[in-house]
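Chain lettering (A, B, C and D) follows the sequence in which the chains are written, and residue indices restart at 1 in each chain.
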Amino acid sequence: MSDLDFTADEMMTIAAARALSNDDICFVGIGAPSAACNVARLTHAPDITLIYESGTIGTAPDVLPLSIGDGELCDTAVTTVSVPEMFRYWLQGGRVSVGFLGAAQLDKFGNINTTVIGDYDNPKTRLPGGGGAPEIASSCGEIFITMKQSLRGMVDKIDFFTSFGHGTGGDDREKLGMTTKGPTLLITDLAVWRPDPETKEFVVRSLHPGVTREQVQETCGWTVIFADDLTETPVPTELELTTLRDLKARTKAAHEGAAA
Amino acid sequence: MSDLDFTADEMMTIAAARALSNDDICFVGIGAPSAACNVARLTHAPDITLIYESGTIGTAPDVLPLSIGDGELCDTAVTTVSVPEMFRYWLQGGRVSVGFLGAAQLDKFGNINTTVIGDYDNPKTRLPGGGGAPEIASSCGEIFITMKQSLRGMVDKIDFFTSFGHGTGGDDREKLGMTTKGPTLLITDLAVWRPDPETKEFVVRSLHPGVTREQVQETCGWTVIFADDLTETPVPTELELTTLRDLKARTKAAHEGAAA
Amino acid sequence: MAKFQPLKDAVAENLKDGDVVAFEGFTHLIPHAAAHEAIRQGRKDLTLIRMTPDLVYDQMVGMGMVRKMIFSYAGNPGVGLLRRVRDAVENSWPQALEIEEHSHAAMANAYEAGAAGLPFATFRGYKGAGLKEVNDNIREVTCPFTGEVLAAVPSVRPDVTFIHAQKANKRGDILVEGIIGVQKEAVLAAKRAVVTVEEVVDNFDDVHLNACVLPNWAVSSVCVVPGGAHPSYAHGYYIRDNAAYIDWDKIATDRARFTDWMKENVLDQDETVFETRVQKLKGDA
Amino acid sequence: MAKFQPLKDAVAENLKDGDVVAFEGFTHLIPHAAAHEAIRQGRKDLTLIRMTPDLVYDQMVGMGMVRKMIFSYAGNPGVGLLRRVRDAVENSWPQALEIEEHSHAAMANAYEAGAAGLPFATFRGYKGAGLKEVNDNIREVTCPFTGEVLAAVPSVRPDVTFIHAQKANKRGDILVEGIIGVQKEAVLAAKRAVVTVEEVVDNFDDVHLNACVLPNWAVSSVCVVPGGAHPSYAHGYYIRDNAAYIDWDKIATDRARFTDWMKENVLDQDETVFETRVQKLKGDA
């Protein structure tokens, strides 16, 4: 381990950032995905194209947006298009390589629920709903998911299929006529997961520094499979950590205060 | 008759211009309709909205465009939208009150052919085709048609239904599910025609000054019906004539020469 | 043809009890002032449409004005849940709320189809998605060339749409810039449209040839309400009041606190208060 | 990701015999220079798509490069017929030309659907129109909500699209302004896209937020060809050479005169001639 101090949250964001490349066209969900995408842009992937569903294409915000439509996104974008155009030409048109999503509930096949806890018609908790996720999940070349582990979040059976991952595994996507890869990566605060090529069930490929198998299992509602060649996630570099912390600090200042 | 000299062509354009009102949203075909629409704008209807299918909304050209997409149309427009938006939101959206069309062949029910003379697969003459006309004819609130009379142009039976007028008359439009009025006015170089309310066959309502019933019939391929209350088209006013001639002179100079 | 009039008159003339209404704005240019006027006028039995119902719909639902909500993301963006909407859905307070839920793609396409005068929208969506099972307005069409089965939803056709925009010119043409969302579509899909603007300028001669401009004949009423999008923002005028969005989460948690806040900040005010609210947000816009 | 390269290389790399190709431009920004390069390279057996095939398609058809043409208005705008197209259709000279004919609304919707990745487009059109009887690619879909029967056409998905635009920036992003036609759709609907531009500028910082910009990753090749739209025009650079359009009508009337003109003005030239041709047209642009 390095002598750098970092939180599990920071490790999660940085591990997620590393998954993105300079050539990616990335459709960014709000929250954790937004931080990861911008850390990627500010470190190893300066030319990555970030797209937010508000219509902003090729944005380079100096602070993280609170909403997906903050003015900062538009000011720094290559262009800003209408929302119908965004969903028709850019997302459905098949021009996005990676969709980055968060999740309230997730199962081991990458299916996501952000709609309701409990029954749809008589919900225990009404969540915000899917927004762009149902079509992000089917139209992007592949899907990265990032979320903090918890028994409430990583469950054996999600209450509602907001967006489709690998269904019940195997070739479920192909059966529905989907030609995109679906979830290919899950980054939590404890580990990096990838689906098994056959079953499509998430398998832990690396544990973040200091994390044990037991911690991963205790915060996950399904029986976790660990890769035979399980490795340790490389610790954050100083550049990665500084970039993330500066970004968070700028963001906090911008959202708490009013205008300069 | 007035002591003003004017040609049959000028009378046609001016009679057509008079049919347009200040509140009209007018989809302008090229050629004769374009001259009439702009004479209306430059005389009694200064606030008329002229739309060309190139995407220019609310144009006020100083010279008549040669094509439907001259730069002048864009420079003077309230806004210029993409062609898909033009056809989807503005035309199909039902926001155009009058569509103004010319015709190569026309029948007595206002059906228009600008596609082929002869058989479609083995044409005697291949014409340019419909362009925007098929949907202009069905989507605009009503249709005005303007053309010079000739036995070749005003025929008993058109060779091809480029755009639908009143079909075989009566309620043919309703039968096809159309809710717009279709052709309500025909202005030729000899007369002003309107469809009979029941049969939908064009009836001559007024003869241009100096024109006889015989002249109208000799240049028309169907048996012409004249209104019981047939009148004479008012002669062009000096303002109308001057406006049209100035417009034509500016246009000729602009199209023959190169840039200033 | 657009007429310039006070917001009070525009709302009274254009919004009726039982209407299907969209107050649109995709995080940017949300017509808060117009929505607050509708709340003051006490409209009832409304069907609200919006991709991203946020604070104003939370407020209208909490005030008992809403029978049904058609939407695709009912959250306080970046903050969390809409607590008044949640209370209505989970506990029928202050009254039951019927919901028709879609994805963003479906709603964006439905507005587009509405603007295009079509009865439905087609898109490649809802594959494997649970909303298909709970929303009877998600159906299918088959491509007559390839046989591919695509999703279909009814077009959105509001009785009236409210939007906020940056500028009108003296003729009543409207300019929307920046994140334009589905505002053009929402206006063109509606029978009537009311636009609040930051200011009126002489003309749009300096406006880009292809800017998003709505001609005056596509709009019913134009009302000058500076700051009328607050706590949303107007690009070029003032920035988003992110702190207000974060605060709302606390206000809306509690029914009594919500009711008090609405009285003080909405019912006992008029639209002139918006200009004051954005004063401190003008620096960086 | 766009690469900057000479027009000759871009055409050679992107346009193959037998391709389905769109040289788009709605009277404005017609990619004449790119089409002339394609003529010089002697491509064969092409399927040409365009709403308004005008001079360049008349020329390509007359040079025997075209197997099929998909279009909605085959005229010389404001002047008359396309005489080489007519000669091919009526007399099979220099070879037979298959045509697939649509209305503008159908073609515009077909490009839109192509850009949107859909297999077909739906619209309310072709009511009572004769094209339905002669074009098997005009079919129907039924609204699953209202039962209304609408028209359907296959989406346009070219192998390659060529457009001309005003500017690229150094990153290869493309700016199109003025009458933007269906250029964005034509590029996004295609597998590959080649863009000729008037000039390259450092950046687009002064460009309107909502201007029509194609990001560099949506384009294959960018070629700097000043004047490359002539005798069409580039808004802000030079005006339409209306006299050249009127002249074309005489040139194209006669097969021998056409052939001579093509040799002198196209085959024996290269793209640098376009800059010279627009010199006299720059005054009023």
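What we mean here is this: a contact is a pair of C-beta atoms (placed from the backbone, for glycine too) under 8 Å apart; a residue touches a chain by one contact, two chains touch by 3 or more.
Since the structure is predicted, the reported quantities are computational estimates derived from the model, not experimental observations.
Counted as hops between touching chains, the shortest connection from chain A to chain B is 2.
By number of C-beta pairs in contact, A-C leads when A-C and A-D are compared. Chain centres here are Cα averages; for chain B and chain D they lie 28 Å apart.
Chain geometry summary: the mean Cα position of chain C and that of chain D are 39 Å apart. Contact with two or more other chains is made by residues 74, 80-81, 88, 92, 139 of chain A. Shared interface positions of chain D, i.e. residues touching 2 or more other chains, are given as 112, 116-118, 123-124, 148, 178, 180, 184-185, 209-212, 235.
Judged by the touch criterion defined above, the protein chains form a pattern that is neither an open path, a ring nor a star, and not fully connected either. Applying the touch definition to every pair of chains gives A-C, A-D, B-C, B-D, C-D.
Listing the residues of chain D that touch chain A in their complex gives 1, 112, 115-118, 173, 184-185, 188, 204, 209-213, 215, 217-218.
Every residue of chain A that touches chain C in the complex is listed here, in rising order: 30-31, 53-56, 65-71, 73-74, 80-84, 86-88, 91-92, 115, 120-121, 123-135, 137-139, 160-164, 167, 172-173, 176-178, 254-260.
Looking at the complex, you find that chain D touches chain B at residues 26-28, 51-52, 71-75, 77-82, 85-86, 89-90, 101, 103-105, 108-109, 111-112, 123-131, 134, 148-149, 178-182, 184-185, 212, 233, 235, 238-243, 245-246, 280-285.
Listed in rising order, the residues of chain A touching chain D in the complex are 23, 25, 49, 57-58, 74-75, 77-81, 88-89, 92-95, 139. By the touch criterion given at the top, residues 116-120, 122-124, 137, 139-146, 148, 150, 152, 154, 177-178, 180, 208-212, 235 of chain D touch chain C in their complex.
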